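Each of the next two complexes has chain A plus one other chain: chain B in the first, chain C in the second.
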Partner chain A sequence: MSLLQSTQFRSDPAASATRRAFLRAWPDFQNPAAWIVALILVIMPLIASGFFLIEIFATTLILGVIALSLMFLAGYGGMVSLMQLTIAGFAGYMVAVFGVSGNANISLGWPWWLATPMALALATLFGTLGGALAVRTEGIYTIMITLAIGAAFYYFTNQNWAIFNGHTGINTVATPHFWGVDWRADIAFYYVTLGVAAICYFAVQYVSRAPFGLALQGVRDNSRRMAALGFNPNAHRIAAYAFAAFIAGLGGVLQVWNYRQISPGSVSVGACIDILIIAVVGGITRPIGPFIGAFIFVLLRTFALDVLIKFGLDGNRFRLLIGLGFLAIVFWSSDGVIGLWERWRQRNKSTATRRSGGHHG
Partner chain B sequence: MDSVAHRLSAVGAGAALELRGVTRLFGALAALTDVTITVRPGERRAVLGSNGAGKTTLFNCITGDFPPSSGTIRFFGEDITQFPPYERIRRGLRRTYQISALFPGLTVHDNVYLACRGVSRGRFSFLRPGQTDALMHATESLVQAVHLTAVKDQRVAELAHGQQRQLEIALALAGAPRFILFDEPAAGLSPTERRELIEILTSLPAHIGYIIIEHDMDVALRVVESVTMMHNGRVFKEGLPREIESDPEVQELYLGGGHE
Partner chain C sequence: MASFIERHPAWALIAIIAIAVVLWLVFAIWPPGLEAAFGRKRVFLNAVLNGITLGGLYFLVASGFTLIFGLMRNVNLAHGSLYLFGGYIGYAISSWTGSWILSFIVAFVVVALVGVILQLAVFRRMEGQDLRQTMVTIGLSIVFADLMLWVFGGDFYQIQTPSWLIGPVQLPLLTAIKSSGEPVYLQYPLVRLVIFAASVAIGIAMWLALNRTRIGMIVRAGVDDRDILAATGVRIQLVFVLVFALGAGLAGIAGVVGGTFQSLSPGEDTRFLLASLVVVIVGGMGSIPGAALGAVIIGLAEQLGSVYIPTYAIVVTFLIMVLVLALRPQGLLARR
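And then the complex of A and B:
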């Protein structure tokens, strides 16, 4: 592969160096498939019905954003956090509590442009505090602590009526209307989620090559050496939790706007684990992985029911399919679907070069 | 105490590194016992001793990887005994590791860039460095200084052992080091690579002092002006290279002691 590149760029070394640096920084821009996917996503409202737009694509993008926050922590920081959905749910609850909802005795009735930043700030604070606890541990203990935070929050929302309205949750949450547009209308909301998902995706990609992201990967690879280079590894880990919490919070805000309600069921332990499954199935080595994982998850959740019923099985067994898929991925491709895809392309490429090599020889 | 050792440790306040009564226990095992060493700024010293003599533990205490159980460590007059490692590094202390401690998932360039960034501002920067960034220049020249320009875009996991050792040294030279601890930098190097290593060490600016742990006496005694001999976690002898080399006790313990 390096041979191919060097012949390709031989013409002008200075320009090629700049170009190479650019392509390494933004690998998507050289990939025609990425352009095609982007184009399809942008013109989606012309192709898809309202059901597909919201139930499939917007839901995929929202779950993808939440799973992206886990991918950032796990892929670049080596920290598997099971509380990312909890942070998203907390942001959703805060939108409902500070904003306008059907539960007037709870909601403070702030306009959305005040309630949303407040919710994001509090969610980031929540994630940072949780992270500050979690970074004192490593590996399985990080998973346990973040799972404990998730479980504690779930039971707390169930039992607290003053703020979280117990097991009924908060209903009829208002969504933004401005410039004469109802931003929860199918097409408008699809573009909102697409825009937020794109920003999060490129932000994660950008930060991964910025000093902060590089240092985080250094901490993942060898935290003791990072300290011997002048970095404070735990400060970097906590900052990573803060960044990831902000992204998860964005996903949570979109989610509460999508369903217009939030209840303890939205932040259950099962839902937390779904995010882990989405990220792992998609692949945690690249920011695109969580979105692919979310797409597979949403497709299975939506259609496996009908398919299973057609085969005379209980439709609720769709989790069985997801579970089997999860097992298959963990067994055969530890870096998820994108790992499978990359290896498949690598194999094709190597057979192609072998064939062309045969022609020359 | 003979006159040379006295001369070496009598520098006092102007010392680059001053260890006083440093002891490090691992459970009941004393890896270091009452170690007192003083090194002048710009001084280059070898620490010799058989395996288990406490050489690497000495380094770990100085850098704070493991803090000492008792005793004090001063770095250019400042008491750093309680500092976390990164605070010591930011004050100009550097080290290399006996077993390469690099970032295998990152490229050579990114490894060196991290080292440069670690001892400057903007460690948490969310902005990518431009091609004109001063640290990028520092990174390029450091990569060049250790002869790794040809492989600078390769992931460290793909490098040969000798190249990893050179990268290990580059990481310790980032920023403005005042004092460096080299832990067996020549381990596993070919004769050519050893010559390159000696060249790198002898061409360091005169104000940069270092301590080097090295089993290869050809390397060690050519790049230092003083020697500390350790045995069983204690300082056994201090002196000039030729004195140590010809000392009958040292020869019996270390050189003639069947080590390697």
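And then the complex of A and C:
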């Protein structure tokens, strides 16, 4: 605090400029709500039990990271890719194939610190190649091509036994265990996911304000003009796919560590679409959206059964609920829950100012 | 054709050789060396015929998809759900009345009505917003899938083939010569051939309707530029509704076909959605001949792949899509 004050006192123009630039780049640091949320997330293990910690919060963070990669592509690049979960699942499969698992005839048995970077590199490569295919056409075609890639991967994992072990998948995948800590134990794993999610969140926010991110948003808004300015729109798009694939790969690695197994069910078309739902429901205009969407999704998935039964309805109709909720969001708020919240706040603010204005008048 | 040979003599030569090889594979009696390397001729011919008839089914699904996309720029990701819905309707009707033909008519009408409702109640409100429409179709496909799971459960259903179509038919294709010198001809299920003939007939009827009638002219004009078409005074909303009804109805018919020679279960909607996506990506968006070509290519690739490289069959389909996207991103027969 004193340090900040002293810099303000000296009013060094360079220092205050860097400070302003810093605040512009990281607006979260000014927002008290963000600090409170961060604090709650850090001390969560004190509040929540093991079930809530892993089944709700860690799962939310993992799904949020995967959906964040979609948010980055859709929000800043204007490319709605349905293959982000496929990339994550591919990373998970690669962890299982290169690392240690119960299927000794498939897994190569590499240590985790070798298998994980390998999986991430291959997932990034996979996402980049998929992206290079998807940018061959534009706009609405992206959805079709990425959905075709996702569905093809799902059927491929189902029918291939040599690498993906068919529809049974790969079970009892080993999780990292070093420095005397079992990193899959509830609390340790929660902090791992929290750390990865925070890094991804800030990375996306940083990239969105970096020259690359600005150019990407330019390509989204008017790719012809960007091309005329000397930028290569497709190179930017493919680079965006590569970056998003890396993030999705991180999410996939966490997911396979979380469930300790992976099977075609984890990369099914329904699951790919769930990621889109999460991102859209949360809002694809800001990096925080996917995490909010994932939280809502996980809460619904976990508790819809009990709530529906309590109201005397069929508990198995959880997907119907998700679908209808998604439809409602698409119909009434194109920027998701964040958009609803912002509009609500704006309306409150405007009525408040109107009221105060009336008082003075 | 002649101009194609003049422009690309090398490609024309390759195509002619390929056609000759395929014809020889189909009609000649395979020498023992080839049979040893490649398997029995009967297996190959069965795979080819299965591929072509499956292509007929894919064409029925994909032609509606491509028609809706071409005219309304609406990527209807609920198309697979319409297919499955049509199949369930057909199953219900055929097991209730016992009439196979009636199940086609009812499935067409009911699913077309669903299409009309969708177009009037949903898509008309968000015209011109491609992405939002697509998102809505995703939401609808989830809702439909869950509703159908609710009503029909997770069981497998198969629509009863009518008695006059059961059984194999002998085709004039030699598979082998017995040691006694007696020729062996290929046996093939009649119902698949009839269904393939029907889908060819539907395809030709659609082509004629699009190219020889006034309403077809309006639809083609709408595919090219719907704003100008609306400006000339055509009631374009009515055309949209009709085309959506036709596309959805075709998906419903395809559902009955698929339920007859395959089976109906949750998950089939995704399979046929993927098939129609790949077919229209390969054939070209919004093009009916493209859908036909793409359907036959994908059907053949799938069947031959599953016979000769069973655990990598889907990769063949996928590689075809990748190749087309790399060489001709607009699709094989798209005009652009």
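Criterion: the second predicted complex is superposed on the first by the 334 of 361 C-alpha atoms of A that agree within 3 Å, B and C clash if a C-alpha of one lies under 4 Å from a C-alpha of the other, contacts with A are read in each partner's own complex, and residues count from 1 in each chain.
FYI, a contact is a pair of C-beta atoms (placed from the backbone, for glycine too) under 8 Å apart; a residue touches a chain by one contact, two chains touch by 3 or more.
Since we're looking at a predicted model, the values are computed, not measured.
When both complexes are overlaid on chain A, chain B and chain C end up sitting side by side without clashing. In the superposed model, A:Tyr155 lies in contact with chain C only, and not with chain B. With chain A as vertex, the superposed Cα centres of chain B and chain C define an angle of 80 degrees, given in steps of 10. Looking at the shared chain after the overlay, A:Gly230 reaches chain B, while chain C stays out of its contact range. In the superposed model, A:Val80 makes contact with chain C only, not with chain B.
Legend: residue contacts after superposition of the two complexes on their common chain; A:Pro117 is shown touching neither chain B nor chain C. Once chain A of one complex is fitted onto chain A of the other, the partner contacts of A:Ile143 are limited to chain C, with no touch recorded for chain B. Here chain B and chain C are compared by how many residues of chain A each touches, and C touches more.
Least inter-chain distance for chain B and chain C in the combined superposition, rounded to the nearest angstrom, is 11, based on C-alpha atoms. Shared contact residues on chain A (touching chain B in one structure, chain C in the other): none found.
Residues of chain B that touch chain A in their complex: 63-65, 84-86, 89-90, 94-95, 97, 101-106, 110, 113-115, 117-119, 122-129, 131, 153, 171, 174-175. Interface of chain A with chain B (complex): residues 18, 21, 24-25, 206-207, 209-212, 214-215, 217-218, 220-222, 224-232, 235-236, 239.
Taken in their complex, chain A has these residues touching chain C: 80, 133, 136-137, 139-141, 143-145, 147-149, 151-152, 155-156, 159-162, 269-270, 273, 276-277, 280, 314, 316-317, 319-320, 322-324, 326-327, 330-331, 334. On the chain C side of its complex with chain A, the touching residues are 73, 75, 77, 130-132, 134-136, 138-140, 142-143, 145-147, 150, 270-271, 273-274, 277-278, 280-281, 285, 310-315, 317-318, 321-322, 325-326, 329-330.
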